[in-house]
């Protein structure tokens, strides 16, 4: 049964509608990420769930209960903010205890619960520290503990990791996911980092200009984007202009080369322009695959574990990635190469 | 002794608001203390002690509609201001029980105002800063006194300063009244041009601090200041040879007094033997001086402390009319004729 | 930094310091001259013994404390609310709080006297209590630019909106938020505003004089003309008080940088 | 509180309500009294509209008192800006050791608030007729301030010099953040592009600081223009500068015409307001750069 | 011939030595990056080259000329700062013209040169804009033009991209590299972003605590790190604890499995502990390679183009990357898998 249901949610600021017709339902215990570019309305949706903003339309219900008449402090939600938002005047213990104190929980109970929470985030030894005495990663873990202490029915995280540096970001996201699994708490996680969303979520909502463009598992989102926006926002997609050659044979012409598609959905006429997509990691110049394109190398750049080469195929710049290897020879600009790939990876994009 | 009803009514009001009563002026410090001691139930609310007579008039006007602690109950103003205030309806009549002992020529027949004390204008000189003590008005014009001569008030607002101008006029041979006012202004214009005049209101402090080494002030003030300074620095009080002027102040109760009974009780106290002797202790001659002297009610040591009687022999007592004419000339002409200001 | 620049720098600095300290030295020296020929603390002794000093000084201290209380009550919730809910209004509110720098105190009090006399709808000047209240309100207005700025600056150092939301979602109401979260975090700012207010009120002359209240400022002015040496002793005392207050501000702000405030 | 109800029309007024205490307080004790004065400046005693009061400002000693006030304010603001700027530069850019800075700022905080009566006494005690410096000069060098140097504490220069005591520190306090806003990279970028120190100051630093400098000047001007207590304490109210005249007028002086008093007050507001508008406008311009 | 030579360069602030014994020489036209963690002294070295800091020891010479007696404004160097540092009171034109004006160049010449520079950065149309009216990326391009306008002999860039957001960072770095090639100007580029350094540089200096740990081409640095620091700072390396089994046979024991190394430098005794490194992209569970290790899957995470799987091999957690493919089955936690790799990728790290 769906636990959190957003039904036709809308929000306008003045004349500008920033959330349009947002629908989704989240199951109990699920970990869902909102992924989208800056300004697409992720935070706004989250803030409506929390009760900080009043929807202009639509409803939010949690566990079957409509939330619209409830104030923020009555919703029993936990939230973690990008900038930690620990109370600077309180030490770790008091921060974590805040929600319980406000609720009038007996002292002994508070003590026990805070201890439990600090154990969860493995910071028992820092109970007396003040926020300014801790690193960003530690602060964010305390913020998580603070949000979880009053046993909220729902946990909201708004880009909790983006103020942290790369290494900590990765380790903390794993920790968050693990704690979430352990407690089984329903969680909405906002991010604009696709790797983060892909690696951590049960499901992802890709948002674009106030709408949910696609909802699906990480692999669905990445491998079967349903809109051009999702395709281009998630991963680094090559967009290739082609012309339909023979609709029946499912062949298309790229520059002066023919390729057969695995699938040509819809009806197309010969000569009709068509937009194709190919992921960089799907191509290779070593053998393999059932399809091939000839091209001239434009540039090669060494990105660490991966070498990215850009080739020109009939006016299309197509990038492809190879894993770095010590003996790898980077294709030099001007060289002619053959790009091998599997026909199933060449997608037709609905424009 | 005031009637029991008056005392009762005054106590009920519980407050008396005075204005422009410097504690060193004519013994007012002790007068107020005496009144408080006698009627501890009545709080004495003292407004701006540095106000001049004109300020007192304005304070009453400004508080016509205001019964708060900013509104004075009683005033003590220069003689010329009495009739003016009566005319403008700013006073209410009251005759103290010792009314008959106040000389007739310094009281309003209907009791709107009544003279309280007088003294003569004198020079008070800081001897640290002034080598030769000036003896007469003409001396003050000498270059020795550059930047040293000041009045004890603003000649546009203060009775003491207005009369100082009159006195200067007298010394130039003018008759009291408009003529003396004009002559006095010319005198001060000359003094200002010579660079001797300092546009600072002189008091004990400014004299000692050297801002106003020579000040023209009532002899009772000058003497009180001398006592206060205790020879640090040494000062000398001189009554000028010519243009000796005696000035009378008058009491009155505000027509809008928030505490009229307390005001009346205050008047009773001022004109009682006790009150009169306290004034006298402040080196000024109280209104009932002659009557009390005759009745032997003045202790000898107070008589002895007074300035020598000869100072008063030459003194001119201008009439109300003369003072009015002089005042008009001085306040109207000061800015245009003298116009002392920062350079 | 070249030698020339250093020499000029020192010259300017020394000139400035002389400018500041010679008058203070003169003031102090003069205050010691009450006894002829020798330096003594007579003037101070007389000042402290003067019941009017005690009365006016006490009056002004009480007024300062009242003013600080009013100021905190008015300014903290307002600055908080503006930052939280009406950030667009901040320039306007700030403009209003800066008006007392534009409108001379003497003008404001002139308005009070005309507006709040006994025949007006709000006859504040009609009683001693009312006049005292009016004076305190006037002082609050005078201190407003400093108080508001201090508190607003203090609020800027914390993320008011997020902290408020963090508290809200943990179940806190407005009062709890203000008392437990906002106020403790702006204590140093409030304190520095308070000390500044204290310094302003203690020496204030215009308002007190024109409302005829027995405050320290008018007393100081009056005694300045009427006494020879005491006013200088009083000025030294006033200076020490101002110095003390502002020194405390520095201390508080430095202390608060090192550690968070606790209540 | 405000976010419970979906009815947005309730949202606005409730938000505004949070501002009510402040708004009421400021209206009652700042705006209304001021408006009363401003309106009164254009009214006769019986309440009808007139420009006479404003015209009357041009009579008697009033124009000259405005003029002298403006002159003193301008002079003390100009000198204060100059000297304060020099000191701030010396401290911020390390011509003098770093440790000087903190005490200097603390002191400036104190001194800039040290206006009023005590200040007058400090200068009387120093440059007055029996002041420390006056006496020292007379006894040791035979120089009489007033006679030989034409200096008198009660003169234009006397007041200006006195006002400088709080003007200089105020300048230091206000301009230091602006100087600190000059980013090190700007100087380094100029250097690396071949500019000399002088070229850097002329082409980069001063143009950037210019609005701040001018703005601070305006603030200092307004600051001096409204100073009453110092002048009163120095001269005991017979000095014809605007605040003193107004003070006397309110206390009930010989002017005796409240509406003329309103007009004088209005004139003060206009002068300080102009100065402050200039200040605010320039500060906004300056902040645009110093973001 | 070396153009910029840093010889035994040293710098102390007070008692702290932040640059130690720094040696390197850069050829004319070369693009060299300084890469290292925050606080390692990159900026300090750059500032010494620019003349903002005086070295405590060593010499700097440009084109054979010792720089120590020259003031900054005599060195003819171009510099771009992290925070743009455009003069806020000047518009784009005047900013770019500044260096020329200061040098007293005739007006007409200035005009021509500024136009040329603005064309180079493709911002001719913004000549009248003030800095605050431009985006960060635009400002940084203007800063580049300003630095280049007086034709400096050397260009220094101190993290010029780190204030910009990801997309612009990538496109601007390509633009910078292309302009640098076009003008052939010798360039020192400071960054702490390894991808940036790897993709843009001719050579990289990896700095660690005030020293140059390794100097080499991007591929040398990435594939043949000579110190543990370089290995761990550049890329995402697996560190594996092993024991030498048979020094002669070059076999080592990882957990209870034996692996033969391509190379066992130095002399080792049997049983001696040894630290090995393996890059994630060098391993695979599909066939291939000449070596293999058995392990239990700990977790698999979907990172977009790559799926990273962590397995446990005898107590070592080893991550390896596979390119994503729509039909890829992510190994499930608990599964036993064989990790194949090439012996040449298993490096011995000098500790």
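Order of writing sets the chain letters: A, B, C, D and E. Residues in each chain are counted from 1.
The rule is short, and it goes like this: a contact is a pair of C-beta atoms (placed from the backbone, for glycine too) under 8 Å apart; a residue touches a chain by one contact, two chains touch by 3 or more.
As the structure is a prediction and not an experimental result, all values here were calculated from the model.
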## Note on the structure
Sorted by label, the chains bordering both subunit B and subunit C are D
### Required steps from subunit A to subunit B (each step between touching chains, minimum)
2
### Message
If each step moves to a chain the current one touches, what is the fewest number of steps from subunit B to subunit E?
### Response
2
### Query
Which chain pair is joined by more contacting C-beta pairs, C-D or D-E?
C-D
### Query
Which chain has its C-alpha centroid at the greatest distance from the C-alpha centroid of subunit A?
B
### Query
So what's the Cα centroid distance for subunit A and subunit D, whole Å?
56
### Message
Taking the mean of the C-alpha atoms as each chain's centre, how many Å separate subunit B from subunit D?
### Response
39
### Between subunit A and subunit C, centroid-to-centroid distance (C-alpha), Å
53
### Query
Touching two or more other chains, which residues of subunit D qualify?
1, 124-125, 131, 236, 251, 258
### Summary
Multi-partner residues in subunit A (2 or more other chains touched) are 51-52, 72
### Query
Which subunit C residues touch at least two other chains?
30, 113, 209, 224-225, 231
### Message
Using the touch definition from the top, list the residues of subunit D that touch subunit C in their complex.
### Response
1-2, 15-16, 18-19, 21-22, 25-26, 28-37, 40, 83-84, 86-87, 89-91, 93-96, 100, 102, 104-107, 109-111, 113-114, 116-127, 131-133, 164-165, 168-169, 219, 222-223, 225-226, 228-229, 232-233, 236, 243, 246-247, 250-251, 258, 261-262, 265, 268-269, 272-273, 276, 280
### Message
Show me the residue ranges of subunit E that touch subunit D in the complex, using the header's touch definition.
### Response
50-52, 71-79, 81, 83, 85-90, 98-99, 101-103, 132, 143, 146-147, 150
### Message
Residue numbers of subunit B touching subunit C in their complex, please.
### Response
22, 24, 45, 47-50, 62-63, 65-70, 201, 203-209, 228-229, 231-233
### Query
Which of the residues in subunit A come into contact with subunit E in the complex?
174, 194-195, 198-200, 218-219, 222-224, 234-236, 279-282, 301-306, 321, 323-327, 330, 342, 344-345
### Message
So in the complex, the part of subunit D that touches subunit E is made up of which residues?
### Response
183, 185-186, 188-196, 199, 203-204, 207-208, 288-291
